[in-house]
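Both complexes shown next keep chain A, but they swap its partner, so chain B is in the first and chain C is in the second.
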Partner chain A sequence: MTGPDANMPQNNGQGTPQNTAQDTGHGVEQNELSRRDFLRRAAGASAIALAGAGLAAVLLDRQGPPASDAATSAKGLGDFSMAELRGKPGRMAIVRSEVRSRVDSGNAQPDRKAMLERALTALGGLGAFIKPGDRVLLKVNAAFATSPLLGATTHPDLVAAMAGLCLSAGAASVALTDNPIHSPESCFALTGIAEAAAKSGARVILPNEALFAPVSIPPSGNIGGRLIRDWPALAGAFKGVTKLIALSPVKDHHRAGASMTLKNFYGLLGGRRNVFHQDINGIIAELALLVRPTLCVLDGVSVMLTNGPTGGSLSDLKAMNVLAVSTDPVAADSFGMELLGRAVTEAPYITLAQTAGAGSADYTTLNPQFLDLGA
Partner chain B sequence: MAGHVKNSSGQRLASLAVLALLCAIGAYLLARQPQLNPAVLVSLRAPAPRPTSGPTAETAAGATSEMAAGPNAGESAGPAAAAAPAAPGAKASLAALLPDSVQGVKALAPAEAFTPATLSDKIDGKAEMYLAAGFAAMACRSYQAQTSPPGRVEVYLYRMKSADGAFAVFSGQRRPGATQSPLAQNGYLTENALFLTSGADYLEVIGDRAGQRPALEALAKAILAGLAPARSAVAETADSGKPGAKPRAADLQPTGLQPADLFPQAGIKADSLRLAVADAFGCQGLTSVYTVEYDSSRAGAAALLSRRKNAAEAKAQLALYRRFLIDNGFAVQAAPGAPAGAVVLAMEGVGVEVLFTRGQWLAGVHEAPTLEAALKLAAAFDAALKAKGIAP
Partner chain C sequence: MNAENQAGPRADNTKGLRPLLRIVAARRISQAFFVALTLWLCAVTTLGASFWRLSGWQVNFILQLDPLTALGTMLATRTWYAPLVWAVPVIVLTAFLGRAFCGFACPLGALNQTFGWLARRVTSKLPGSRGAALRARLADNRHSPWQAAKYYLLAFLLAAACFGSLQTGLFDPLPLLFRSLNMTLAPVLDAGFQALFLKPRHYASAWLLFAVFAGILGLNFLRPRFFCRFVCPLGALFGLLNRFAPWRVGKKGDAAHGECGNCTLCDTYCEGGCRPSGVLVASECLLCMNCLDACPQGRMTFAGRPSAGGEEHLPEPSRRGFLFAAAAGALSAPLWTIGGLAGQDGGTGKNPLLIRPPGALDEARFLSRCIRCGQCMRVCPTNVIQPALGEAGLEGLWTPVLNYRLGSSGCQVQCIACGNVCPTAAIRPLTLDEKLGQGKFAAKGPVRLGTAFFDRSRCLPWAMERPCLVCQELCPVSPKAIHTRTTFEPIRFGQAQLTGAQGARLGLTGLPKPTVNLGSGDYFLRPAGLVPMNSPEAGLRRINAATWTGQGQTFTLDAEPQPGQGWRTAPGSVVEVLVRLQKPYLDAARCIGCGVCEHECPIAGLRGVRVSYENESRSGPGRMLV
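Then we have the complex of A and B:
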C-alpha cells in the first residue's frame, strides 16, 4: 500500500488531477477507473442495495409474532379440575370457627385441620376429589423466609392437614412446591412448611433449573397468548401429577391489590418474572389459564389487611377465622376480596379471569355452604 | 476520474471476511427478531396507575395530636445526607452496617444485598413501591434473639436516593396506633417490629413474635450508630468536595418552609402525614405530594400539599390532577366560597376535591365527604398558607 492519499485524485495546483501514485516509484500496479466502469459499479451497488431493501420488504412481518407458539412450548401446566364439573358452576364451602385449640407463641388460632375437614365433608369428603393412587401436588405460598405467624405464607398447619388427608384418602404420593426465587430452602424452612411436609409424609420439591420448561398460554377471550409465551414454568414439578390443590393465604398486595389463589400461581413461573409486575392484572389473569386446580383452599384465619405481600408487623393482620374450599379459583378469590373488605373491582384480574372462562367472579353463584364450627 | 491502487489478495480476503461477518449478523438478527418475548415489551411500558391507591388509603386511628415529623425531622435531618444519592458501592457498605452481634442477639447468616434489579426477588410485589420512591440498595440479615424460647429477628436496611424517598416508604407503610420509638422521630414500634428512618435510610427490624423489644432496639441502635459516621462522611464530601472538611451548620438545618408545618393543624390525625413520591392518588405524573388526614372535626377529610419548582409547575400539576379526576368520573362544580382560583370537583359516592395553587405550592382538599366540609377545610388551609406568607 502506498501513502494514505495514493488512491485519491490529487491536484497539481493548476486544476488538473494527476495520478500521484505514478510518482511514488514503488511500482504498485494501478488501474484507471473509467467513467463506464464507475457507472457500472455504481449501478451494481445500487442493485444490491435495492435487492436488500426488497428482500426486507418481502420478509417484513407486519403482524408481529404470533399470539402463541404451541410448537415450541407446552400449553400451560395442565387441567386438574374435576371432569364432571367442567362447564358447570363450581362447588364451595366456607367455614368459620372461633375454636381456639392451637397456640403459636402466645397467638391463639383456630384448628385449621378441623376447619378443613368440615369444609371437605360438606363437599362430599376429600374422597370425592382425591382417588386412591392419585399423585397430588400442593401449590403452597412459600414466597418469603418469614415466620408463619406473620401470615405472609401458607400456614404449615394447613399444609400438614391437607397432606395428611390426601394420604388418608389413598393418594399414592403428596408433594408440594413453590418457586420463591430467593433462597427457596430458607423459605420452606422458616415458614415451617418443610417441617409440616416432613411430619405429614409429603415431599418438598425445591425449584431447580432442570424443573423449568417453556410454556405458553393459548388465547381465551381477551386473555392469554400475550405474556406467558415460551416462558419458563415449574413444569417438572407436575410430572406424573394427577391432582393439584392450591393452599393460599389471603393477603393485601401492593401491586395487585390482593394476593390469594390466582396470585399464588405466580410462584409457578421462573425467569425474570418481575417484568410482569408492569402488567400485574394481565399476568394473574393468564395464570388462571396456566393451570386449573382440583381444589383451592383459601386460608382466611389470619388475613393480611395492609402492607402486603410481605407484611412484617402483627398489626398488619386481622383474625378472621375463616377458611374456604372451592373447586373454582376465581370464585375463591372473589370471596377473599370480601375478607379483605374490598370490592372485586379492586383486583381487576378477577374479572379478567372470569372473562377468560377460568371461573366465576361472584362466589355467591356457586351457592356456597356456610358452616360454623362454633366456639 | 483518477485511477486507484488495485486491491491485494489480502485486502480482498479481509473485505470478504467482513462481508461474511455482516451477512452472518444480518441473518442472526433476521432469525431472532420474531422471537422477542412480549414480556420485554410489557416491561418497557410505564406502569398503569392503580385507581384506588394513594398515600391516604390507610386510615390512622387515634386522637388528635401533634403532627408527625417530616422527612427532615430529628437527628437524621441533614439536608446534605437527604440529597445524597447512594454512593458507588452502597450495596457493600450497607451490608457491612448490619452487625454480627449485639447484646442478646447474634447473626444467623451473612448479610445479603439487593439492587434495584433484584429487590423483587426478596420482597416480590412490594419492590415497586420502593423503586418508585427512589430505591438504591437493600441489605438484610437474620438474627437469633437469645430469649426463651429463642426468637428470630430479620433486619432490612433500605437505602433510598433521598430522605424524601425514605420518608415516603416509611409513611406509606405506617401502622396506625403504633408506639413512638425513642430511637428516631420518624420511628415506631409495633408488638413485634420496629420501623424508622435515618436520613435516606429506612430500617425495618422484625421479630417473629411479640415481646422482643430489647432485641429489636439493640439491633437498631447498633445500625444507627454505624449510619451516623457514614452520613457525616457523605455530608462532609458534599460540603467541600473532599472528605475531612467540616459540614456547615446551616447545612444541617432544614431550610425554608416544611410542607408538614403548612397544613391547618387542628384536627390532624396522629401519624397521618404521608408522602407520595410518585403517582400520588394513582395519578401518573403527580409527584411529591404530602397528605394528612383529619378527624371528625373536619369530617374525616384529607389535605394535600406539594412544593414545586415554580408557579408554572404548580399550575401544571393542578391541571394534570384535575384531568385525572375528570377522566375518572369527577365533575367540575361551581362552588361560591372556595379559595380564590380554586377548582372544585365532585363525584357521587367518592367525595369532593378542592385544588388551588399559591405560588410554587399546589394545595388542596382530598376526599372530603361533603362540599361543605371541603370548602371549610380549604378555607382554613388557604388561611394557614397566608399566615406563613404564602399568598396568591
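Then we have the complex of A and C:
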C-alpha cells in the first residue's frame, strides 16, 4: 500500500539538489529547462505519443464490430461409418434372449454382454469394425440422473460389454460421453455408467464447457443448413476419435414419437438446444447428418412404452429382451418403432433422415439376421 | 505477531528449559491448519465419489464447532440439534482457557490477523520510521471502549433468536466465511481450472457477498482484527463464556522479575486490544500470545492467577446498553412478522418465488434455524439453490431460495444433497424414499417444492402456433404432471387453391412461402371449411414434403386424399394448412415443483412455464390443493 510512498522521498532527494544547483548557476534562466532535461522529457513525451499512435495504427478497425462474433463452424462432427458400406445397404443383426434365471433378483434381465457378442459374431465379429489402434468413442444416453432400473438411460452392462469388446479388439482407447439434461456428474454416477466405464477401462468425458465448438450442417436435400447453424456441439470429445458407437435405449417420446439412436445424438448439442423442439423431426434428421456412427446398438431388453423419455416408474417399462446391432442408425430406429408397436410414420424424422441420405427407413432392406440366444 | 522483529534481548526466555516451539509459532501453525482445513472442506463439498469429493468428509465440522450457532438455534427452537454438540467442547475449552478458539482456530480470525499484519508490515518499511511505526501500532492496538459494540450486537441477535428469528449467521464469522468462500471465491477461482465445476457457477448477489467479505478484511487496515474486536458476536459470546476462566494472560508481579518498565511492547502487539500492560480487559484477550513473546522481561504469563496490573472483565460494561440492544432484538422478531413476508396465517404476503430446497421446514421454523452458511448452495449439483436477496424479505437475506432460471437444470429428482449438508436441519436430511414418496412414505407422497403454471401468452404451442413440448418431455414424475391435448389449428396465411392432383401429390397456388418447414411432420392439409363431425382428425392429410416453384407449390401428402373424407380435388378447390399442436396442461396434484420444465423452457427470458411456491409440502395449511 505504501510502496510508492517509500520511493517518493528518494526521487525528491535526487531531483531537488540538481535543480537547485542549476537554478543558482543560471539565475536568469530560472524556471527554464536545461537542454538535457528538455531532451529527456521530449524523448519521454515522444515515446508516449508514439505508443498511442502505434496502438491505434496496429489495431485500427475500420469496419466496426460485426453483428455476431460466431466463430467459423466445422461441418458436422465427422463421418465414422465403414467406408466400404457407404452408399450400400447397411448390416444388421437382431438378437432375442430368454430371461436369465436368477433367483436372487426381482429384476432379472438377460445377459446383454452375451446378446451383444452373439449379434457381433453374426456380423463378422467386432474386429470387422474396430481395428487395432482405433480410438473409440461411445455415445451413451445418460440424459437423466436416475437408476439404470428405470430404463431411461443406456444400461451400464451394455456400456461395460461394448467397452470391453473394443479393448479386446485392440482399440487404443475407449471413451464415452453425453451432454445430459441433469448435472453431468450426477447423471454418469447414478446411471451406473461411470462405474461400468471404470470397471471396463473406458474414460468418461464430462461435457466441459471448453469441449463445445460451433458446427453447421451443410444442406442435403431439404434437410440441413437450417437448424444446426453455428451451433455449439460437443466437438472436443471427438478429438482423435476414429470410431463412434452409439448405445441407445428404446423409449417412448411424446413429441418425437420415440427416442432411440438418432434422438440420442441430441446429447451432442450444447447451448439452449430446446428451441429445436419446435421442429423436432427436422432437428433429429439433421442430427443424422451431424455425425455418422460406425455401429449402433439399440437396447430393447427393457423398452419404455409410456411416460417417456424420462419414465420414472417400473410400470413404464416392458421386457422385450431384444438387442439390435446395426451400421445404419436410421434402420436401427425403424426397428425400434416396431418394438414400440408403432408405425414408422409416427416418428416422421425416420423418413426425413432417409430422404437426407442418412440410412434406410425400412430395416428389412438390410436383410437383418435374426438370432435367438435362448436362456 | 511481530515480536521477532524487535531487537530487544529476551533474557528470561533463554533461562532454563527452552521450549521446543514458541507459543506464538504453535498458534500460527494451528491457525494455518484451521484455514487449510476450511479451504479443504469447502473444496470437497462437491458431489462425487472420488476422495476429494463429498465422500464421508465431515464438511460441516468447523460450522459445528460454533457455540453461537448452537446457542442461537437452541434459543430459537428450544432444542440442541445433535450435530451441534461439537460446540460443547468449545464452550468447555473457553470456560477454562478463554478465547482460545479466536486465537488458535477461527479461520476468519486468522485471515483478519494476516491482513492486519500485512497492512502494518508494509508501513514499518518506511525509512527511518521504525519508532513512528511502533507508535502507530501501539495506537492501533490500544483498548477501545467501542469494543463493547459486539456485546450489544450479541444481545440483539440472541434476543431476536429467543423470539424465533435467527439472524446470527449474518455476523457469525464461521457461516460468514463459508458463505463467502462457497459463493464468491470458489466459483471465481475455479473458473480458470474447472476442477470443482463443469460449468461456471452462478450465485445471485455474489458481488454483495464479496463486498461484505472484502470489507471485513479491509477493515484490518484501520485496526488489526477490526471485525474480531468490534463486531464479532461469536467473539462476544466467548468473551462472556471466559468470565470465570481460571487460566488467563497476565503480568507477573513478583520482584524476582524486576520492575515492569512500562515499555508497552505487550500492548503494541496485542491482537485483541485487551490492554495487557495495564488493567487487563479479560473478555477481550484472544489468546494471541503475542504479549508473552513481546515482553523483554518475560513478565507476561498464561497462568492461573490475576494479572499484577489488575483485571476487569468487560469493556465499558453498560447494563443499559445491553438491555437496550436486547429489547431491540426482541422487538425485531415480531416486527418481521408484521411484514407478513414469511407466510404466516396461510401464506398471504409471501413472495411467490420463495421456493425453498426440498426438505426445508415451514418458513417460521426454517428461519429459526438457517444460518446462511451457503453449504446447500455450494453442494447443489445443478446450482439452482441461490442466496435470497429480496425473495424472503430482509429477515431472510441470503437464505437459500430456488431460482430455476439459473443453474444447469431444475431440482434433480434423485438428489438429496442439500438437506444432508445443512448443519442445522433448516433443510431436513431427507432420504430418497421420503423425497420421492416411496416405501413407507408412499401414503404421504413426494416432497413438493411448488407448482408449475403455464403462461399461455408466452408458451409456444398456446400463443404462437408452434409445436414445442420440452416441458412435458422432461417432467420427471410418472405419470407426468404435464400432459397434453392435441389440436389442429389453421396457420396464418395458410389457405391455397388446388391446381391439380395426382395421387398423394397436389399442385397448389396462392400459398406464400411460410416461415416454418411444412414438410417437418407437424403440418397437415385439409379442405378449407371442413367441419369435422366425428373426429377432429377427419380429412387431415400429413404433409410429407412441400416445394415452391415459380408456378406454384407442390405438396406430397402421406396418402391420397379421399373424397369420402370431404376432399374435392377439382382445380380451384380451397385447402388449408393446419399445424398439429400438443398443448401442455398441468396436473397440479402430480406436480412436485422441481422446475425442470421452467429451466428447460426455450422461451429464455420470462419462461412460458414458471414455478411458484403454491402447494409446497412445507406450507401445511398454506397448500393450494385439498
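Here, the second predicted complex is superposed on the first by the 297 of 375 C-alpha atoms of A that agree within 3 Å, B and C clash if a C-alpha of one lies under 4 Å from a C-alpha of the other, contacts with A are read in each partner's own complex, and residues count from 1 in each chain.
Note that in this section a contact is a pair of C-beta atoms (placed from the backbone, for glycine too) under 8 Å apart; a residue touches a chain by one contact, two chains touch by 3 or more.
Because the structure is a prediction, the values reported are computed rather than measured.
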{"item": "Which of chain B and chain C A:V297 touches, first, second, both or neither", "value": "neither"}
{"item": "First, second, both or neither for A:A210, with chain B first and chain C second", "value": "second"}
{"item": "Partner chain in contact with A:P309 - chain B first, chain C second, else both or neither", "value": "both"}
{"item": "Which of chain B and chain C A:V136 touches, first, second, both or neither", "value": "neither"}
{"item": "Which superposed partner A:Q278 touches (first chain B, second chain C, both, neither)", "value": "both"}
{"item": "Partner chain in contact with A:N222 - chain B first, chain C second, else both or neither", "value": "second"}
{"item": "Touching partner for A:A288 - first (chain B), second (chain C), both, neither", "value": "neither"}
{"item": "Touched partner set for A:A353, first chain B, second chain C, both or neither", "value": "neither"}
{"item": "First, second, both or neither for A:P184, with chain B first and chain C second", "value": "second"}
{"item": "Chain C-contacting residues of chain A that also contact chain B", "value": "1-2, 6, 9, 144-147, 181-182, 190, 226, 253-255, 274-275, 277-280, 282, 306-307, 309-310, 312-313, 315-316"}
{"item": "Touch list for chain A against partner chain B, complex", "value": "1-2, 6-10, 17, 19, 21, 28-35, 38, 59, 61, 64-65, 105-107, 143-147, 149-150, 181-182, 190, 226-227, 229-231, 253-257, 259, 274-280, 282, 306-310, 312-316, 346"}
{"item": "Chain B residues within the chain A interface of the complex", "value": "1-6, 8, 30, 33-40, 42-43, 45-48, 50, 52, 58, 120-129, 142, 149, 152, 154, 173, 175-178, 190-193, 195, 204, 206, 208-211"}
{"item": "Residue ranges of chain C in contact with chain A within the complex", "value": "47-49, 119, 122-123, 125-127, 194, 198-200, 221, 381-383, 408-409, 412-415, 460, 466-470, 472-480, 484, 516-517, 519-522, 542, 544-545, 547, 558, 582, 596, 600-602, 604"}
{"item": "Of chain A, residues touching chain C in the complex", "value": "1-3, 5-6, 9, 144-147, 181-186, 189-190, 194, 206-210, 222, 226, 253-255, 272, 274-275, 277-282, 306-307, 309-313, 315-316, 345, 348-349, 351-352, 355"}
